[in-house]
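Once you scroll down, you'll see the structures, which are given as structure tokens.
Shared between the two complexes below is chain A, which pairs with chain B and chain C, respectively.
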Partner chain A sequence: MSIESSVSALAQLLANSTASPYARPERVTPSTFYDLDYRVCVVAACFEVHAKEDEARYRRILSAKLKLLQFIAIRSWLFPIVREWSASRDDPQRSAWSSQSLRRGFLGDSMHDEVINYMVAGGLLVKAQSHLVDAGVDFRLRDINRNVVSSALFARERKTIVDLKNLTITNAMLEGW
Partner chain B sequence: MITLDSIQIEGLATSGGFSGLVSFSKGLQVISAHNAFGKSLAVTAVAWCFGAEAVFGIPDNDASCFPPALRDEIDLGDPEPSTVLSSSCTLKLTHSDKRSLLLKRAIKGDCTTIEVSESDEKGTTRRSLLSARTLTMQDQFGGFQRFFYEWLGWTRQRVTTYRGNEADVYIENLLPLFYIDQDEGWTDIQALQITRYGQQQIAEIAIEYLLGGTGAIAARVERLRNAQSNAALKETARLLSERVVSTLLRFGWRTSWSSQGNVGDVARRWSAEKLTAMLARDFNFDPAEEIASLRERAAKLRETLTGSPIDASNASAPAAASQKVIGLKEQRHRLSEDLNTSRRQCDESATLLSSLEERIQAASDLLRLKTTGIGRIDHLECPTCHRDLNPATFALSSQSADSVERHIEALKRDRDLLKRNISAIEASLAQLAAELTSVNTELLEAERALMTVTSSIGTVREQLAQTAADLASVERSIDRVQSMQSEITELQTNIDTWISSASRLQTAENVPQDFERRRSAFLTSFRKYLLAFGHSAVTVANASTVDFDEQYIPILGSRRLRSLGSASDQSRLIAAHALALADASDKVGGMHPGLVILDEPLQQNPDPQHRSLFLKFLVKDLAKTLAFQTLVFTSLTGQEISSLRKQGIPVITPEGKHFLTPIPKTEPPDESSPAPIPV
Partner chain C sequence: MLTGARIPMTLCITIATFPTMFSITDEYAKTLGSLTGNAFQAEVCARLQSVILDFQTIPAKPHGDAGLDGFSHLGRHGYCCFGPELSTYRSNRSLENAIIVKFRSDLRKLFELEFKKKKLVPMPTGEMSTILPSGKKLIHIELIVNWFESHRVIGPIHTAFAEYQEMSEGNFVDAEASVKIVGPKELANRWTVDEIALIRAKQKGFLKEIQDAAASVSIANPKDFDSKMSILRQLRPDQLAGIDRLAEELMLKWRTALAFENSLNESMPTLHRLLEATRSRIVTRVSELMLASSQPWTQLSAAEAIAHSLLEPDFGQLYGSLVSDVAAGEIARLIGECPIGWVNPGGANVN
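Our next item is the complex of A and B:
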């Protein structure tokens, strides 16, 4: 049962009581963050900008890096924190002053894991140990990004993804340290 | 009503003089000549002699609306083209009351003036040289349009502009209603109307003017003036309310002296209560009372300092001064903490607002993605078993466009709420900052007093120092309150001035009932002419549903007439509009000059049906009995000309290959030629 119909069912139940239900379905609509299409577009954009070609000329990216990148891309207001985090990587004293809340927050983004599983199952990506590789099925991942760019969609997310290219992302950061 | 009797163009080229003349009579006439004869040249001369070249979109006194034959080189049949030395055009106009007018303006030469020869009904002629464009309406003695309006019996009409000032209705604003030129005139009704002067609603005013609806124009201009004044008053009220709020915040009072609502509402609200009354009610502050009380206190302190006995055993002065400093420091500390908390709240709210903006943008983009489907994965299938993958299997879902739309609405509501919160926090910040400044000032004074008291020797001196410090502090407070009072008084004066301006804002005049009669006559004529011209969308059955909207744009039912019918109906619509306006003005005693010029109506569409419909119109009784002069410049076949003539339509067919022909050279007077000079 969808959320909206659950609310309607609840409203109906309450209507039979002495309560005066007033349903505001927009308040229970899920955020854009939880939409599959949105996440796929962001993953495609991250992959396009940050993936590198391997010896066999396949484009690939570290799974953990992709997870961090897409997490920041859809929450671009966190970008200054990541920048500070990245800049303080060699200075433990400075590192202690930068925000700690983000560091492990992105690790718990389970929806991203499911999106990746879905894309892998559909043949858009292939898991290769710690990497994700563009399987190249009809170049669909590339097409998704091209359409997003040509339609001028998600400009802010794409800008953040490009800005992230100028940051050094270490393995320690990918582990949340 | 006027009649255009003739258009004459003459000039002088290196190989000799040249000229062209075409004469007209009253009523409908067709001037037929082959293409490139020079018909449009004659038509252009009308706008040029009226000093209305602005309709062609060219600068003042720029003769580039004429072909190079009148400005640079002319082919007069000689082996080489001749350089034009000078050229000019002349119009002859006759008024219905027998007065006549010759308007002559140079094309090559000094075209900044128009030579006017005015003859009255007795034949007395007066010649003047008037400025064609510069101050043409404003110069009472030297402006051409000022003279021409008077000659025509037209009244000078002032209208509002988008720049907030006023301007006249010029002849170039009226010309597009009776002068349809070949190049642009047929593209739309009033296609040549000038908009760059910034006159508001000029297209509507021009129609009302020619219909003689000066009352309607006055009402319209009054409405526009009111709207402008209203907007200016709203803006002043906004600035004033911001000033009141920020000034009172500076004094530590947070008020809601708002300028929301229309001018009337704001004026009512602001008149209901004076600033001083509001301060007395909400903050228990009355500057006059406050000053009186402080003065009383200062007088007592002065008396204590100068005349009252002093208790030598009273050693409480240093403790009291110290206690005051401590109290003020505590207050300052509390205020600083509150200020920091508010600043943090403000920063966090700003970050939250920025994230909300981003989320709204992301959701709006997602909605676009959902509705257009661009870049969406419609389905994914397993590469091995080729079964469609269900996102639900992965605990994933794709939201519907409807759901995303509702989410955007919710985010927008949150954003509005947050914006209001930020405004409230900012106001609180300003109030806290003002309080902190005031406490800091008091603390500084208290610390100085404490220093003086503690450095005094003996209880008597301590008490005297304490009293003197208190007196100084009270006097400074009096100064402060007086300064506040004068600022509040100044604000109240500004508010009172604004209220009085708002109360002067007059209610817009209603459109006079007389104009309804004029408009109705125009509409009736327009319907009649549309049917006569054979507009394909207008039939006898539906003609009564043809109407004008508020901007006098013709509509049929709920649709613009322009978008109905065939492509060739466009020129029939424009011709019907021009003729109907002249006809209606004649019937209701309007100010139309009684002259309509249609340049090349047949060239607007190559459709033979269009040609046939136009020629059919010309032979109808409606066209034959026109009470005003209508000049149709076109190119007809010999058969069409004879057919029209047979049916009583005057067709002028100028002779020659071109409108401009060389003037035959006259023989020099017979003088004995000088004897050749011997070499």
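Our next item is the complex of A and C:
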């Protein structure tokens, strides 16, 4: 049976039967990757685990690092690839054999850029050159993460975020090399 | 002092750049080595076209390519490609033999020789005269292969080349011509590899990767799909074997669509987002047509074409023929994930 004919063959079988059709477009499940609440929670969890305090005791994180961390957190099956990528950073021979395209994937995550813009507009984060800083308003960013933890949500993502803490992430990696 | 400050900066740039260039070259060689058949030949030709100004590809029609896949240097350099499907060879020895046999055969065509009763005899075909510029002869031939991990292919091919050179009437290959075997690493290292070359090669391998990935994708809960097929079996008990085949086929398409989606999600999230939006448009269009029609199943038949027309503008240029598979997979997915379905008015419906 050819590729093109399978749907046609099905249509023909149904046409010659008493089958009654239905169509429920509302049953298309949108991908969670584009769920704003989910993405905000993941960013908050990444920030909580990986942000560091600066001299003025503001918690901050490199924007590019946050982008990489959240990308892997919501695609936890990529963690072994990042671990290999990190481990091979001083060994060009070893580095050559890990996937290059996967290294660049996170750079094109435009949804994340929009989530960050949303969080900045909402007063959760402040952009400070190459960093993102916790705006510190009423501990809202912390509260989001606290709610996620207390509700035991996104366990897999949170575990990946913690595991990422054990990896060295270099500037070259943040540029996709 | 200024000079002293400059030297470390230069060194710093060199050290930072070297691993990157090294990686791309090796990645390209690896990708080239993973391509087979026409995909390998197409990539080799694209590569040579991008670095050799007068590289000329040779279509196999109307009567074969006479063993030559391309030429350059005004018809003085010739190129033959071979991209065997590596996984089909049980041992390196059988792969070596396949490479030797294939290139010997190509060389015999170039030298216009044939075996007659196990004896090598000149056999002009006329095809070479329609390929090379008038009066030109090849003075160098490159045999480009996707696997060159054994030196055992070198001796037999060079020996055959010398033998053919002696036997040939020398119409299209010069008596002093040379031959060289080139593998993926040699080709990758010969000229600078850039990201464009890497992406082009990867796209050629993408189709195979998706097909391989589709075989291992598991659909977590296909019970809605299964129940629809059960209803179909109730409705058409005369077509049980056909329905089983159809169900299997649709599941494979569905898995292909999922593998494609996963791949985009991991490496090209922007395109993944486009796919997500396109999927939504597909279900809306197909549903509208089915619900508005007095012959809904005719519309389902057109669903694949609708999906294809919606996917083509964003994905056609990059993924070519894969778009057809994904279009069919998206329709199978709509059936499997429930937006499109059917009930048996006179029977028990699982769904």
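Methods note: the second predicted complex is superposed on the first by the 151 of 177 C-alpha atoms of A that agree within 3 Å, B and C clash if a C-alpha of one lies under 4 Å from a C-alpha of the other, contacts with A are read in each partner's own complex, and residues count from 1 in each chain.
In this text, contacts are C-beta pairs under 8 Å (C-beta built on N, C-alpha and C of every residue); 3 or more make two chains touch, one makes a residue touch a chain.
Source: prediction; values computed, not measured.
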item: First (chain B), second (chain C), both or neither touched by A:55; value: neither
item: Touching partner for A:75 - first (chain B), second (chain C), both, neither; value: both
item: Chain B versus chain C as contact partner of A:121, first or second or both or neither; value: first
item: Touching partner for A:32 - first (chain B), second (chain C), both, neither; value: first
item: Partner chain in contact with A:41 - chain B first, chain C second, else both or neither; value: first
item: Chain B versus chain C as contact partner of A:108, first or second or both or neither; value: second
item: Touching partner for A:7 - first (chain B), second (chain C), both, neither; value: second
item: First, second, both or neither for A:153, with chain B first and chain C second; value: first
item: Doubly contacted residues of chain A, that is, touched by chain B and again by chain C; value: 4, 25-27, 29-31, 34, 75, 111
item: Contact set on chain C toward chain A in their complex; value: 16, 18-20, 22-24, 26-27, 30, 198, 202, 231-232, 235-236, 239, 242-243, 245-246, 249-250, 253, 265-270, 272-273, 276, 279-280, 283-284, 286-287, 290-291, 295-298, 300-301, 303-304, 324-325, 328, 331-332, 334-335, 337-346
item: Residues of chain B touching chain A in the complex; value: 351, 354-355, 358-359, 361-363, 365-366, 368-370, 372, 374-377, 380-383, 389, 391, 394-399, 403-404, 406-407, 409-410
item: Chain B contact footprint on chain A (complex, rising order); value: 4, 25-27, 29-32, 34-38, 40-41, 74-77, 111, 114-115, 117-119, 121-124, 137, 140, 144-145, 147-148, 150-151, 153-157
item: Residues on chain A engaged by chain C in the complex (per definition of touch); value: 1, 3-4, 6-31, 33-34, 71, 75, 78, 92, 95-97, 100-102, 104-106, 108-111, 172, 177
